[in-house]
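Data first, discussion second: the structure below is written as structure tokens.
Residue numbering begins at 1 within each chain, and the chains themselves are lettered A, B, C, D and E in the order written.
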Amino acid sequence: MKGIPTDVIEATILTLELAVVTTGMLVTIALPLAWWLAFPHRWWKSMVNAVISLPLVLPPSVLGYYLLLAFGPTGPGGWIARLWGARTLAFSFHGLVIGSLLYALPFAVQPIQNAFHAMGRHPVESAAVLGASPWRTFYRIAIPMAWRGVVTAIVLSFAHTIGEFGIVLMIGGDIPGQTRVLSVALYDYVESARWHDANMIAGGMVMFSFLTILLLSSLQNRKRRHTS
Amino acid sequence: DPLRLAVAANFIQTAQQLADEFMQRTDLSVTISSGSSGQLATQVREGAPFDIFLSADTQRPEELVSSGLAIASSRFTYAIGQLVLWRPTTGIPPDEQMLRNGQFAHLALCNPATAPYGAAAIETLKAWNLYDQLRPRLVVAQSVSQALELIQSGNAELGFVALAQVSRLKEGKYTVIPESLYSPLRQDAVLLSRAGENIDARQFMTFLHGPQARDMIRRAGYLTPNGEQEAAR
Amino acid sequence: MTQDQGLRAAFYGRIGAFRYNVEFTLPGHGITALSGPSGCGKSTVLRCIAGLERSAEGYCHFNGRIWQDGRKFIPAWKRPVGFVFQHPSLFPHMSVRQNLVFGSPGNWRASLRSGFSEVVTILDLETLLDRNVTQLSGGEKQRVAIGRALLRRPLLLLMDEPLSALDQARKSRILPYLKAFSKRMNIPVLYISHDRKEIDYLTDRIILMDAGQTFNPSINHDMENTACRKYPVFSAPLLGE
Amino acid sequence: MKGIPTDVIEATILTLELAVVTTGMLVTIALPLAWWLAFPHRWWKSMVNAVISLPLVLPPSVLGYYLLLAFGPTGPGGWIARLWGARTLAFSFHGLVIGSLLYALPFAVQPIQNAFHAMGRHPVESAAVLGASPWRTFYRIAIPMAWRGVVTAIVLSFAHTIGEFGIVLMIGGDIPGQTRVLSVALYDYVESARWHDANMIAGGMVMFSFLTILLLSSLQNRKRRHTS
Amino acid sequence: MTQDQGLRAAFYGRIGAFRYNVEFTLPGHGITALSGPSGCGKSTVLRCIAGLERSAEGYCHFNGRIWQDGRKFIPAWKRPVGFVFQHPSLFPHMSVRQNLVFGSPGNWRASLRSGFSEVVTILDLETLLDRNVTQLSGGEKQRVAIGRALLRRPLLLLMDEPLSALDQARKSRILPYLKAFSKRMNIPVLYISHDRKEIDYLTDRIILMDAGQTFNPSINHDMENTACRKYPVFSAPLLGE
């Protein structure tokens, strides 16, 4: 489109990629994790739950700093990065994904876990006496019944990943096309008082997210789902 | 009411020392609020209760003056930043030649759009004719302190930071970049209009002009403008 | 390990303040009634047999296989039981048809098999097949729950008051079918009911329970003597009033 | 306590105040709002839901900037502030509370709304035929039954308010004793490379939050509540 | 607006594909049975009377007051009905006692009143009062639901198969009490049941339904002639088999 600078387009694509990949992975991780946390209740599972929520209490830039240490050559991330010849997990798309995952995990786990709880044990017991393995019960019964919770998880983590910024800024290195997402670009514009551009980007982000979230929430209100 | 200073993030440590000294001398109380220069200027515009603004550039105080939010006569350059190229390891200090050899994956600097030191770093790279070559390896932080963190944590091997940040660090080696390679990093202070009648605030401005403050600022790793004509500019 | 057919079981344990201690056998075929006052532990016994009450101690052998003993515990989903719960817990996100075939071997193609249409006809579910189960009346739900258990092709059928919400016409159609089903499949059925008529018609053996204990199983026609004084049949005092 | 600078103590108290006030108000707002959004379903309620989530998609500092404008002399906030003779809503504790409320609202509304949904209509109908007014149904039936969702709402919004930083810095102005919360103080320490102090504060925040969240989650797992 | 006692009602409407169109009256006192095959709309009628089915068109006058007509709709919580649902939906976060007193006027002090202990005794709930309702057996839940509706002191009692999960001994204790309750309070009761014996004993009038339609109410002893061929009583075909 005319008038939209290419770096904004690049950042938009990257942002969407990050949000989609992160949200997808979050849900993939959160579903079994929430299931495991929901039943049966053990006291130490409350602790796992609390630990998951901890990244939230640190300012993103501070959490970003600790992540930098962890991702760097002397941390576990550097050790992993060496597997493919890199020095660090920072400054890469992978690094952004890991950081965003960590930060948004509670938004994904908590609603799904609540949904599993609300379902109660009846459907699980019914499935068991119909010969469904725990795995089949999980994906044929638990996940569809926890649908509302899953949608909430998606909405919150999607929105938050789009808007997340402190961590991304810190571990991303703002490399155009690789780690420069829209929120960082927007911040630049605001800082350098380019108000017109900033308002346009902010407006675009809000509009797009509004439509996406609206679409997602309308899924939430489908009364029933006919899985074939 | 205490005297409220709004201080650009890169100067906050030094500002704290200055404030401590001032408080000891005068028995007045001073509080420091920090943020990026752009953020602080916006806050002043929106009615933040600051008395004095120590910016990291000259442009923002000027803008505040022209929109009547700051007192023109009070504006002066309290410090001139010095750009250094720093790396955390021992051995020879990093220099132009090291950049040219390119034995590194990431070179850290800060965002030219938001931090003057970033703009200076890029001017330097351009002056060395290295900018286009190194561009893919540049990692950009949002402030000089974040740039330092990128390097200190080992994620970037070296980078451009402020002398004030690294002059007292025990680890690492640095080279001061010649001032001729980039436009000077003048940091201006200005008395804000709401404190126009505030005697304490004027007293602090006077203190900031004084030899003792200038000495402290220089020891922290900044230059100070020579001569009275600078201060009166 | 015994090689005999049928179920041999003994369970003891507690749920909250309620203690149970039961011991009984079921023959390899035929319908056995389980009866006793409300809250005496009937549903709990069924849950123990199905493997849903993991805290239960004791043993449970079925057709020569160990389902539970001191060391072993076959999880519920590996036990070939059909269970009609007292409260029909259907899967609310599925249609009636999906609920019915969920447990049947071969799952989605099951709805094409002859067994399916037979069960659907007897239970009068033809017109409801594509309805969502949340849109059913109480009796309709109960019929779907029965159908689901039967279509699972169980080797042991556990039914907890399965016909309590049904009208007489439907009952008199389903009851003979249940009897025939048990005979045809040659499987034992354990059937909880408070309805004397139902028990009389369906079963030839009855296990009586009270306060978490089983009495020795008695042949049905003996029941009048052993139990009726304890659990007066409904009609007697009412008609005498 | 010896060794802890007074400004840290001041910031700690302020942070707790902000977190408690914000969380308290959030729950107070979110409960009726979620109840209203949950029943009956109308298509435009999905839109309200999406709008609530929108603050999440903007980087906090950018949102903070827009809030600053809205709070300032030329915005609606300034108009309100003039009622008690101030020029702006920003740079005050009230301003922080409003900003934090706005930002954390989706974390409070969504889990509670899901919990109301999961409850279904049976308890509401039972209460109605027992003569309970809608209001009595709400506080005697709906709120206790949505307990898990309420706890999740509290945990997420509490943690997020403690960790939130971009907005608070922007609309608060980092004024000691008034708007300098721990996360901002922590940021200051990090910016001025006072790593020892920063690590101590971060560690303290994480420890305290861990205990608080653990306590809250253990409430979540109480099987039943006997409200007298 | 009529000043006569009792209920005069007519409802029509649809739920999904199910259409109903009913019209009937209840006298100002006495128990009336509502019967018909599973899924014919009995529960729906009760929900309409209670004001839970807001989509229903029609009218509903009770004791001379308008509960519903073309313009007016008194919300459910303002109608003095006691409702025992087909599926006992107790409040899971409350104890048995809290459930029982929730609807009774004066609420928390109600457990001290004599009515309370009478109901608790008849329903055999003494030992369960401090139990959480999620820890009850099916029959126990049903008894709590009955108690809750009675303690509400309704002016009209609607009961949807309230005794279906109870043993004969309990039934024969509760049934006479219900009869006496209706008489003592001088309130009408609409009672859904599939059990011929229950209906015979309790009620003197019966409303028959099929496929969403009511037939003219008939005096109970006439029912054999009008209905039995349509809804054969359970015992007949079974005994004849």
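Keep in mind that, in the parts below, a residue touches a chain if its C-beta (ideal position, glycine included) is under 8 Å from a C-beta of that chain, and two chains touch if they have at least 3 such contacts.
Chain-to-protein mapping (UniProt): A, D = Molybdenum transport system permease; C, E = Molybdenum ABC transporter ATP-binding protein.
Note that the structure is predicted; figures quoted are calculated from it, not measured.
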Just to be sure I understand: going only through chains that touch, what's the smallest number of steps from subunit C to subunit D? 2
What is the set of chains touching both subunit B and subunit E? D
For subunit A and subunit D, which third chains touch each of them? B
What pair of chains is linked by the most C-beta contacts? A-D
Maximum centroid distance from subunit A, chain identifier (CA atoms): E
Name the chain whose C-alpha centroid is most distant from the C-alpha centroid of subunit D. C
Using mean CA coordinates as chain centres, what's the subunit B-subunit C distance in Å? 80
Centroid distance [mean C-alpha coordinates] between subunit D and subunit B, Å: 35
Can you check how far apart subunit A and subunit C are, centre to centre, with Cα atoms defining each centre and the answer in Å? 46
So which bits of subunit C are touching at least two other chains? 87
Residue numbers in subunit D touching 2 or more other chains? 61, 65, 190
Touching two or more other chains - residue numbers and ranges from subunit B: 39, 149
Pairwise chain contacts, counting only pairs that touch as defined: A-B, A-C, A-D, B-D, C-E, D-E
Please output the residues of subunit C touching subunit A within their complex, sorted ascending. 50-52, 75-83, 85, 87, 89-95, 98, 102-103, 108, 132, 134, 148-149, 152
Considering only the defined contacts, which subunit D positions touch subunit E in the complex? 122-123, 125-134, 137, 140-141, 144-145, 147, 223-228
Complex contact set, residues of subunit E against subunit C: 15-16, 35-39, 41, 43, 86-87, 131, 135-140, 143, 160-161, 164-172, 175-176, 194, 196-197, 201, 231-238, 241
What part of subunit D is in contact with subunit B in the complex they form? 61, 65, 68-69, 71-73, 78, 87-88, 90-91, 169-170, 173-177, 180, 188, 190-194
Note which residues of subunit B are touching subunit A in the complex, please. 36, 38-39, 105-106, 108, 111, 113-114, 136, 138-142, 146, 149-150, 153-157
